[in-house]
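Both complexes shown next keep subunit A, but they swap its partner, so subunit B is in the first and subunit C is in the second.
After this line comes the complex of A and B, so read on.
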């Protein structure tokens, strides 16, 4: 197992080289003037297009640009992102915890809801509850995030906004953003210290339940949005996996032994049925960690997804490279963790 | 049960409710701040912060772009030749760092901007005044430059700004420049704190190091996300997403009423609209008038409008007189055979007029600007010197259009017809609408006329027009300083910015625009610009489309709102009050 993990980790640099070379080659399909778009935000700046191309070396050949990026990256400098107006590394350091916080908090209802509903549907196969759950899953899966997100905002921030603001001093307001303006000012002037950029953790470290709740209530609507869509897939997999497990011989044997249904279902069948769900949950987390563009945009949540979306539109080359490397890292390490977890859950699996 | 619930709510309020932000102005915009360094910034979003943190020597009075008042200077004069300007500096001013404002700061500000002059910044127009070139030293001197060339260039930079005494600064220009005074009110000329900048690793102001700083990307240095200005507000923090500023207690002027200001980038428009209605934003940026109508009548929201608030951005439909037809899909066959257009298609004034007479100004104002706009007679905002409001505008006139079309290219166009494609940048629905109005009318006039309209992504559009491939295309131009030359030279001069994209080459226009650059006499300049307007009408080298009336959306409690088009945020934070 240890050798397997080491071998997989040694593979990471090659993945980095592969994806970054691919990005640089793709960028070469664009002319230098097209690549200069990252530095031109107004018509007046068109005036200096040629000088911009020269200053930022946009007309350098492929190998020079790639060598330059690798040289800087090896020294820890991933370049400057015009989309976030700060170094790429700084943006990742600030935004990855934000996306991770949203992803991890979302994962609880995504998995919990998916497993619960999947189990419910499987155990009530072809009954009304199964049909309702399956239709619900299809609706949840096919409902675009931005539609659900805006509905939730219109309902809770718009329509019910006044009620929530007036109730309990506004403690239950559901707003877009990561924190309220009051907390944002405290963060800006240092009254509230940022240590990890995970606000839920920082607020506990600082002994500030008000900030903890402030950050948590800002997560509620985006988490509901993500849970509605992502849990649908887990529910479907859980249902089919459990149905398959319930038809296995050992389950029949357990029943033949006279065990109660509850023990058969939850101790014998569901544990095994969870194996594919774990894999899927791992991929869901990887997906969420990379930032959820639409949800972050609708809820004005300052995560990786929103940054990358604006960087891609503006052809912000250093940001695209940095984000690609980060994504490759998350995918490789995430897959590795899923594999390891898989082996722990299912002792029959051994990596050599 | 009810008591328990009330108790729970009270406990929640005490534990989690937090303090509300009193006396805080929250501005939600789209498009984030690029940088806080005045020598690098060249976008509206950055201006919003910079104009409140840093100050210029003189500033605008309220909404006016032609009346000025002393800011960091109390008096000024120019020599008769117009190439030497002297300013008397205000005393008793301190920077946010606590450093005292002195003449050395003004000298350093000018010298550093000329040393850096980054290619994507806004220094170029002041570099032209001081040094006679828009380029920085490296670009101007070229690869073959010697050390002596660089030494000579630096001597000219040092000569540009000289302290006569502690409170008097003298600027020496390369040539007379009547626009210099207003150029010094642009963001790039906002005074930075010399000692603070040097202490934090920026250029040390010496000849020994200046060459290391030529054209550098200032976004990678301290003043990018830190600031020490003399403005009414000092920066608390900017994290790339959200900027927080607070009232500067040591401000030399009247104490501002608003304590804290938060500028948030919220790209999703519907989120901004909900925020202003919820009262979480004091002001929001609204993208267009159609969306604005959703807010009309909303409780607690005020839409500030004024017939005089005409946009100073001039939108233009350009005709390219010298189209690059190499590998250009938009010219069709490249011949006047009914299936394409030749490179010189728009070189004939009749051809341009044929299109101009097919533009329905009122339809554009009604449908695109929701009735809130004004047609332009020339490529200049009506509030600027020399604008001709006595000239007619080219409006839809089928008889005149037909006459012009029949005369164009010796009648070949009318007989053979044409097909070409006009372009605009993707997402700009205003430009798209301007082109489509012409398309609909011109195709109706003659069945042999076919005009297609297509969008190009912004990066493609840049490259495309830069290569001279645009046939007929729409772009806009917004002022960096309030002078007519800033519009007329780029639009109409054969060496202007758009010349490479439109092929404009009219010696008469060149002579008038050049003459206006050589005199400081305002009446004389007005006369020259009015003559430019006349030729622009007679020759119709390009077609301005109507300018929209601007608007500002705030909460009801925001008082003192005004609109000065030269400010990125339309008004300064120090001038408003929250009731």
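After this line comes the complex of A and C, so read on.
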């Protein structure tokens, strides 16, 4: 096991070099002046773009530029984002917790719902409940997250907005954003201390259940939006994986021994059926990044995704590049974690 | 590698002898497809969208610039519905760019609810929603077919080279494919579009560049499987050369899995394109494009006080169009996979 992980760890730098080379190579399609914008943070600098191109060697050959880019990046300098009016590294540090909170909370319904419905469908194969969940999964899988998000807002923020505002003093209001105005003011004037910027954690640390509920309430609609597609996917994989396991000889043996269905299904079959699902769940976290960009834009949620979307529209290249490098990092580390997880749950990999 | 029998290879009649000709619609796969209600639903949905896309000029009233570019005047305008006239065919197969622009009822930023003249209402800036949906189907088909076509060619190239040559060529190409597949596709497409510039052509290029790895994997896998089969080995023993073996014996047998991937891809590719438009990275404002229309709807989530659902039509119609289009292709692709792959039947 230890050797396996070390082998995988040694592989990381190669993947990372490959990805960053690709990104820097893509950026070469831009003119040096466009790339020089990465280092401009004031009007005075804008006037001598040529000096900046000279200083950072933006018209040098590719390998020189790549080396200097890596050098800067290693020192934490990823350029200046015009979309957020601050250095890229600062924006990432500030906004990452918000996006991570959204993605991690979404993972709960994705895995829970996916495994539960998938098991239900497989154990009731070809019965009504199976047909319904299968059709539901295909519809969920086809439902674009930006459409779902807007429909949810039209329904709950628009249509039911007045009702929810009056009900229980507005405790169940569903609205865009990350917190309500009252909490936002408390954060701005320092009444509510920000420690980790994971609001769910910060509110518990500060002993403020009202803020906890406020943040959680703002997560409801975005989480539904983000989780719909992925839970449909997990459900389908869980169903077919469990069906395959149920047809294996060892399951028949267990049945022949006279074990109760309950034990055969959940102890013998489902444990093995979960192996592909666990791998998929790991990749789902990576692919939630796609959804995060859309969902945060729909719900005006102040995370990395919305920043990236607005940077893309404004052609803020340093921000685009910074987000891409971060994505590459998440992809590489995520893949490693999936591999390790896979080795833990499936001994055949470890000793194979 | 174990010698697996492929269902695909078996569906072809063996060479030599006098095979009884089985028509494809009588094959087991076709029967399985016909008996599946979801498959029929998917096929009907896709066919319906195809009809709408093809006859878009007849199903919607063309705008003034569209008619002008078609070379029609107010007097000859009705020829567009007459199959004996040139205008009918020109409007279908050579519709000018101007026809893809949604006509405007007004320049008012506020949407107008459905009426006699605009059965589905208008969205921001007076764009006609019904026109946008009908021509948007055309846009969706065009985008989807072109991207899937390019991806298949790229996939054939990469997967074909990797599978056929094996060794380090295979290793390098497939590791590259792994990296592209591992990267979130929408993020990568956004990066490519912003670098190339925001045009419809670049959207197509960007999505093609992220969509090919699936095809490369499928084709490589099929080639590795088929390479060891007796009939390919005998073709080689008879002195057949690489390209000939590939085009005569291997490629035709990769078609079935390719069709499955392609039909599932039609949905997801159009979805990615719509997502790009939604973010403001798609074709120019006013182009008949569902994603853009959903983007317009973002401004009309809340109605005026007292009537919160006043602008429901701005988000419901375009959203439904995307959902049903993608659903149709997913049902079709799913059913094709089940029909062509007897393992799961």
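Note that the second predicted complex is superposed on the first by the 295 of 352 C-alpha atoms of A that agree within 3 Å, B and C clash if a C-alpha of one lies under 4 Å from a C-alpha of the other, contacts with A are read in each partner's own complex, and residues count from 1 in each chain.
Everything below uses one rule, namely that a residue touches a chain if its C-beta (ideal position, glycine included) is under 8 Å from a C-beta of that chain, and two chains touch if they have at least 3 such contacts.
Note that the structure is a prediction, hence the values are computed from the model and not measured.
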Which of subunit B and subunit C A:298 touches, first, second, both or neither: both
First, second, both or neither for A:327, with subunit B first and subunit C second: second
Subunit B versus subunit C, judged by how many residues of subunit A each one touches: B
Which superposed partner A:170 touches (first subunit B, second subunit C, both, neither): first
First (subunit B), second (subunit C), both or neither touched by A:144: second
Touching partner for A:198 - first (subunit B), second (subunit C), both, neither: neither
Which superposed partner A:54 touches (first subunit B, second subunit C, both, neither): first
Partner chain in contact with A:26 - subunit B first, subunit C second, else both or neither: second
Intersection of subunit A interface sets (partners subunit B, subunit C): 30, 150, 153-154, 157-158, 161, 297-298, 315
Complex contacts: residues of subunit A adjacent to subunit C: 15, 18-19, 22-23, 26-27, 29-30, 135, 138-139, 141-144, 146-147, 150-151, 153-154, 157-159, 161-162, 240, 286-287, 289-290, 293-294, 297-298, 308-309, 312-313, 315, 317, 320, 323-324, 327-328, 331, 335
Complex contacts: residues of subunit B adjacent to subunit A: 9-10, 12-21, 24, 26, 31-35, 42-44, 118-120, 122, 124, 134-136, 139, 215, 217, 219-220, 224-225, 236-237, 239-242, 244, 246, 260, 262, 264, 266-268, 270-271, 274-275, 277-280, 458-460, 462-463, 465-467, 475-478, 480, 490, 497
Residues on subunit A engaged by subunit B in the complex (per definition of touch): 30-31, 33-37, 39-49, 51-52, 54-56, 80, 82-87, 90-91, 94, 150, 153-154, 157-158, 161, 165, 167-172, 175-177, 180-185, 187-189, 209-211, 213-214, 297-300, 302, 306, 310, 315
In the complex, subunit C residues that touch subunit A: 38, 179, 182-187, 190-196, 267, 271, 274-275, 278-281, 291, 294, 297-298, 301-303, 308-309, 312, 315-316, 319, 322-323, 326-327, 330-331, 334, 344
